[in-house]
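Two complexes, one shared chain (chain A), two partners (chain B, chain C).
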Partner chain A sequence: MSNYQTNKPGDDNNRTSDHRNREEFEETPTWAAVVTVLGYAILSALGWLRDFLRHIGLEEKRTAHDPNPKDFVPLYQSYECFYTRNLYTRIRDVFNQPIASVAGAKVHVMERVSDDYNWTFKFSGKKIPSINLGSYNYLGFAENQGPCSEQAIKSIETYAVTTCSTRHELGHQRYVKELESLMAEYLNVEDCIAFGMGFATNALNIPTLAGKGDLILSDKLNHVSLILGARLSGATIRTFNHNDMKDLEAHLRKAIISGQPRTCRPWKKILIIVEGVYSMEGSLCKLPEIIELKKKYKAYLYVDEAHSIGAIGSRGRGVVDYWKVDPNDIEIHMGTFTKSFGSAGGYIAGKKNIIDYIRVSSHSACYSSSMSAPIVQQIISALSIIMGRDGTNDGQKRIQQLACNVRYFRRQLVDMGFIVYGNNNSPVVPVMLFMPAKIAAVNREMLKRDCAVVTVGFPATLLTESRVRFCISAGHTKEMLDHALKAMDEVGHLVSLRYSKKNPHHRWVELDHADYDKEYTS
Partner chain B sequence: MGSSMTRGDIESLATDFYDLLESFKHAPFYHISFEIFLVLAVIWLVFFRKPRAIEKKLTEREKQELIDEWQPEPLVPPVDPNHPALNVRVLDGIVGKTVEIDGKKSLNFATFNFLNFVGNSRISEKAIQAVQKYGVGSCGPRGFYGTIDIHLELEERLAKFFNCEEGIIYSYGFSTIASIIPAYSKRNDILFVDEGVHYAIQKGVEASRSHVKWFKHNDIQDLERLLAEQEVLDKKNPKKARTIRRFLIIEGLYVNYGDICPLPRMVELKYKYKYRIFIDESVSFGTIGQTGRGVTEYYDIDRQKIDLISSSLEYSIGSIGGFAVGSSFVVDHQRLSAQGYCFSASLPPLLAAAAIEALNIMEEQSTPLFETIMSKSKRLHKKLLSIKGYSVMGDEISPLKHLRLANALNTIGRLEEIVQFAQTRDITITVARYLTDEHLLPEPSIRLILNVEMTDEELEFLCTVLQEALVKVTS
Partner chain C sequence: MNVGIAQGERNPNSSWLNSRGVWLTYIILLFVLHFILLSIPYITTPVAWTLTTTIHNICSFYLFHLVKGAPWETSDQGRARRFTFWEQIDNGVQWTGTRKFLQILPIILFFIASFYTKYDRTHFVINLATMLLAVVPKFPIFFGVRLFDINRY
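On to the complex of A and B.
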């Protein structure tokens, strides 16, 4: 059962039914859903059995013990930890895998061994060089050599690592001002403010924009930071179905016509929060339609471009660039520097009066340390490269390489018969696994073939929709992608992942360079 | 007229009534039940039916009119262009013991650089090496290849430093305690929180949606009163009481007040009233205690009795981020439940490397360093007390002090004037800034922070300038 709208060309209006909007969310085959639920049921039953054995003392309790006396109220309810104890621990080795190198296109994964079924780990000392398909490195700026890291090193020498002060009090460094004006220029907006953490940018700034008496319309699949920010603001939150414009319109109409619940007073303002690229689905928001709706109903729009800035659009300017809309139509542009710029932090950009208000009343600006110099310098260097200010066309090459890699990888996966979610141009490529055991199997088998991938299941996704999520990078060469595709082909055959009924499929066959160039790079 | 009833009338009524009763006896059963049903229906209609809200059956035109008429408020209210946040100072160079503003160098008493690690060459060297090995960013959350070996090393070192089982690091100081509290305390739980805690803790408390009981700042009697009241409620409903978790949230050294919490008595009460203690030692870590291990060392309390110690890497350590240490039982839970840990990119490796080197220096220099900072704090405290016209808040060994004007002269305007005057004499100090929606807005003050490398002459100079400023402002 799929929860999403699948677009077909010719749907809706002409504006968004072009190739940019081609998104696929093939329906879950019923038998797969049934087997998945059965799998969880068996695991749960085994979990209850094991808990019972632990309770009566036949099995050793391996969880840590509360150092406080027994008459304290237990810190965790037993059922809260049921999932952790009995399901998560079984496959714990595939999460939190440490690395010992730069998180670039290739990475050294530290091998861990466990003698007690994942309760404790020991490092074997071996480092597995793998192709990194899990880190958010869309434009390949996660490098320890090159102009960006050299300039970051220089900035440590000039400005040290930190300032130990908040912005409101002592002030900010010159480089922060430089970053903000450069970012505003990059996005083609009036002003921008930068923060030290992307999560905190959402969680601590949405409360300054919305409050009691306001309505927040949030996409069902929004990130946790957006949901936390909306909750902390005190505004009323209503969710609309993912990317469903009819549902959004219905909510808008209902909100304005009926007003606030109980008192029926009109809403003070309505804020629509969407993301540019949704990191678990790989879908893009339908920005032109949302802007039309927001203009029609006088709502405000907040777009979180954490995964889309730098990675989407012909000039790397995000979904605004991708859909060719006017940036002034969006009140708040938000994004992070972690993914495409190889650094850390977040930003909010928009009209000057909005950014000024955030400068004055943001929690981050008043209570958090200013950003660190090398972090900011990395962003400035990366931005200069993308914008071509460094005198080379390295930036444009990276953007094109990423777009090319994405199209190639997605197409090959679809041809192999996997169910691939998301927009054809999104660098986030989720491939469906469905069954819980496959989460561990795919991860381990891919690592054996020197590919580091990310597999996710419940609760990050719906119960029946576990997936392996690839993050493509401009740093990946055709050889690396071919290696990954070959590995995926073998693993897909081993673990039976070819669920797709829509497309005819075949085993993977390497595309030679000439054909590849003809089809993808021209 | 015939207003009173005659005997005949009464008799006929009685007969009628008797006939009625007789008819009931002879009536078929279905008839009687139907009558009873009608009576009950009437009673229900009259007394119990809720008046149904008149449903809006609007026409399309009316709906469109409502939509056209609705005018939202502006997204943000207008802002005063002279607000200090819009006219902040621009700094150049390293913000260490001295800071450069508009080309002029001044002594820095405004940043949380207690141990003068900002600009330390060893730390910068390690940070540079980390950039050469790992690049700048970590490109992912901890769960998805964002865990780098240097993070694991820092967590181990912090746990070892505090002699605790496990440590966990966060990528942002504010988010540390703000993510920790909601990870443990849920809707039905109770938080006993000191009123003077800083904003990040207030946000964490808000995010947890628990019942909050604020007690007066550092007032043990008030805390005991609240605990006793809760105990009475518990006795009334012991079954429910067994499912409510209780936490005490305090700071080691309060950022907003500069005073130390009365920890020993709070630990005693912990075992009496059965709550767990979470201390935020952002300021006290690296400043208090013989070897900089915070209030637990200062009071010589066994750290096993404290459930969780959280702190920031943005103060004494001179890096960015935050951490928490405690028993594995407590800390491990955060790896799956703390939102700021699971859903956020991990700390950039160069900042972790800087923190590890700072810890190395703290361990190497150990007691002499911390004795120096505590004794300098005491000397500064004495000097400030001797200036008539100021009142000094904070413990004498605290390197963070709040300075206010005595009597009713204490306004933000006057304090700003003092700050500006000091700047002309090459001393940088700052007024403590707060947002207006703090739980308990502290009174305006200048927050003075002592850097361990300040010499006695420099401290003397600071006091001289403060004295002159006072004269200028009160004349």
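On to the complex of A and C.
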């Protein structure tokens, strides 16, 4: 993401160039990139020095020792753990922090102290009640009270915890059938099938759909589950640049013209795999243009709506609803129940004959156990609330609250002068940090101000693009967001995070209620 | 598999040299080394340039051609374990931008050092030797070659 891209006015489809759908990826300032690489260079040089000191015995070796004697072949290469030993462990207290409550809009983070620079931790006993800006809880269903959890617990009394059996055998129960028909109605498609694990839905069903002699065109920033599924399928995989329709068209034309790699025979099918919302960038896929391309070149489309179902769109029905396209144009709709519905699992939806084929020949339906009753009941209750079936308009209120929160939070961050990636409407808000030390600094300082955030760096992201990723929820009230914005303002000033060259840098001033209502809740 | 990472890159070692700002930082670090050497009182300018070239070439030979594997747990199932860093760049594709940059840099340093040492014979021999040490292992015919089985495993 090193080019400043907006949707140019000459695009084919007017919808993607509308200013409300603006996506921005501001370019990294050169000085910030240089300082970041220098930072990693100094850390690596110090790492080499300390490894040398450990080797000659001046410093204590804290990692595991190889128990075999010296003339045996070594069990592992100690260079493989260089990064973990010298860079990751220095800031290890910032990752994988244990929590002591349900991960809803607020969470209790357990405080840890370390005497030996993060090699070992001890719980201090204190629990920090903080605002949860890291969990994927887009509609606020991650609660342990309320109608969803009550109905889920009651379903255990009716259906027991699990059947421990696959879908082909005893796992095919009444509640799973109810979930699948409800989900098919929600998405406005013919049929749907649900699986117990979101990652496995991708990894085990793409091999069912594609095989040897097929071509898979997948976006460069696709999730690991999609990549694993594509590799397991045995099809040829080509990647196109992220959200770049010209590159996708070039790949399609080249593939159709040259055929399969060695034999030049025509491809059996071409499958384009994209995601609705990309969780590290916060960008939305350009669905109308992809559908146009797919119809022109007669390819098939697989959309992974893990982060967008329930969170995007005026009725919460995902990117299909957001772009107002016909659901029948997309062959496979895939999504997960983990993010917006507060549960676990994944689904695949589409035309009845495709879903029937998946029911019979999916690896997951044959070998892995089916979903268990309380999980399914949680999704059914959440779906009923979102669709308005329970008689209240709580669902629509949540969707609107989320959209309002997202617009407010993003706008305030951009006005403060931070570099924020992604589409204006996506609930995933990455703010760039760039330097490795800031990953730890931002996380610790935000926790001191009672905000629990998730910061990521290399090698999970590109070398110079470490970021703090906020996930906004419908459960966040305006007061919580104001607290988080105030904290981010102070931390941004302390750590100097205001990199943006396009937006002027301001300190944050709280909007009074009348202005907020006028601008955001209309 | 590293779940939850942004891209499906199997070995980050293959692409981090293409990131924004890395080439500029490399040149800046080289100049920093040179200025440190210049500020030591008994070292004259020709000696400083020869020392810069020598230190750069020896360090680059060690880091690019002697150290094998990657400093992370990669998800390529150990394919990069026997390859040096030079062979891992861009997953083995030859003549990419980064490779050309890294091959040209020791040659440019050699020219600059020859100029500043006024083509003196001793300096020339030292600079030529270290330049060959840095440039020759980067040729495509030496891809995966381990002479006399040194550093094979």
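A few remarks follow.
Convention: the second predicted complex is superposed on the first by the 498 of 522 C-alpha atoms of A that agree within 3 Å, B and C clash if a C-alpha of one lies under 4 Å from a C-alpha of the other, contacts with A are read in each partner's own complex, and residues count from 1 in each chain.
In this section, a residue touches a chain if its C-beta (ideal position, glycine included) is under 8 Å from a C-beta of that chain, and two chains touch if they have at least 3 such contacts.
Please read all numbers here as calculations on a predicted model, not as lab measurements.
Contact with neither chain B nor chain C is seen for A:329 once the two complexes are overlaid on the shared chain. Contact with neither chain B nor chain C is seen for A:247 once the two complexes are overlaid on the shared chain.
When the two structures are aligned on the shared chain, A:394 is found in touch with neither chain B nor chain C. Of the two partner chains placed around the shared chain by superposition, chain B is the only one that A:257 touches, whereas chain C remains out of contact. Of the two partner chains, both chain B and chain C are touched by A:199. When both complexes are overlaid on chain A, the residue A:462 reaches chain C alone and has no touch with chain B. More residues of chain A lie in contact with B than with the other chain of the pair chain B and chain C.
When the two structures are aligned on the shared chain, A:228 is found in touch with chain B and with chain C. In the superposition on chain A, A:450 contacts neither chain B nor chain C.
The contact surfaces that chain B and chain C form on chain A in the two complexes overlap at residues 84, 199, 224-225, 228.
Chain contact summary for the complex, chain A toward chain B: residues 63-69, 71-76, 84, 88, 95-104, 107, 109-110, 132, 134-137, 141-145, 148-149, 152-153, 156-174, 177, 196-200, 203-204, 209, 223-225, 228, 231-232, 253, 256-258, 266-271, 297-300, 331, 336-339, 341-344, 353-354, 356-361, 363-369, 372, 374-375, 378, 452, 454. On the chain B side of its complex with chain A, the touching residues are 56, 58, 63, 66-67, 70-79, 81, 83-86, 88-96, 99, 101, 110-113, 118-120, 123-124, 127-128, 131-140, 142-149, 151-152, 165, 171-175, 184, 198-200, 203, 206-207, 241-246, 271, 274, 276, 304, 307, 314-315, 318-320, 327-330, 332-333, 335-336, 339-340, 343-345, 347-348, 350-351, 354, 428, 430-435, 447. Partner chain C is touched in their complex by these residues of chain A: 2, 28, 30, 32-34, 36-38, 41, 77, 79-84, 199, 220-222, 224-225, 227-228, 280-281, 456, 458-464. Those residues of chain C that touch chain A in the shared complex are 1-9, 12, 16, 19-22, 24-25, 28-29, 67-73, 81.
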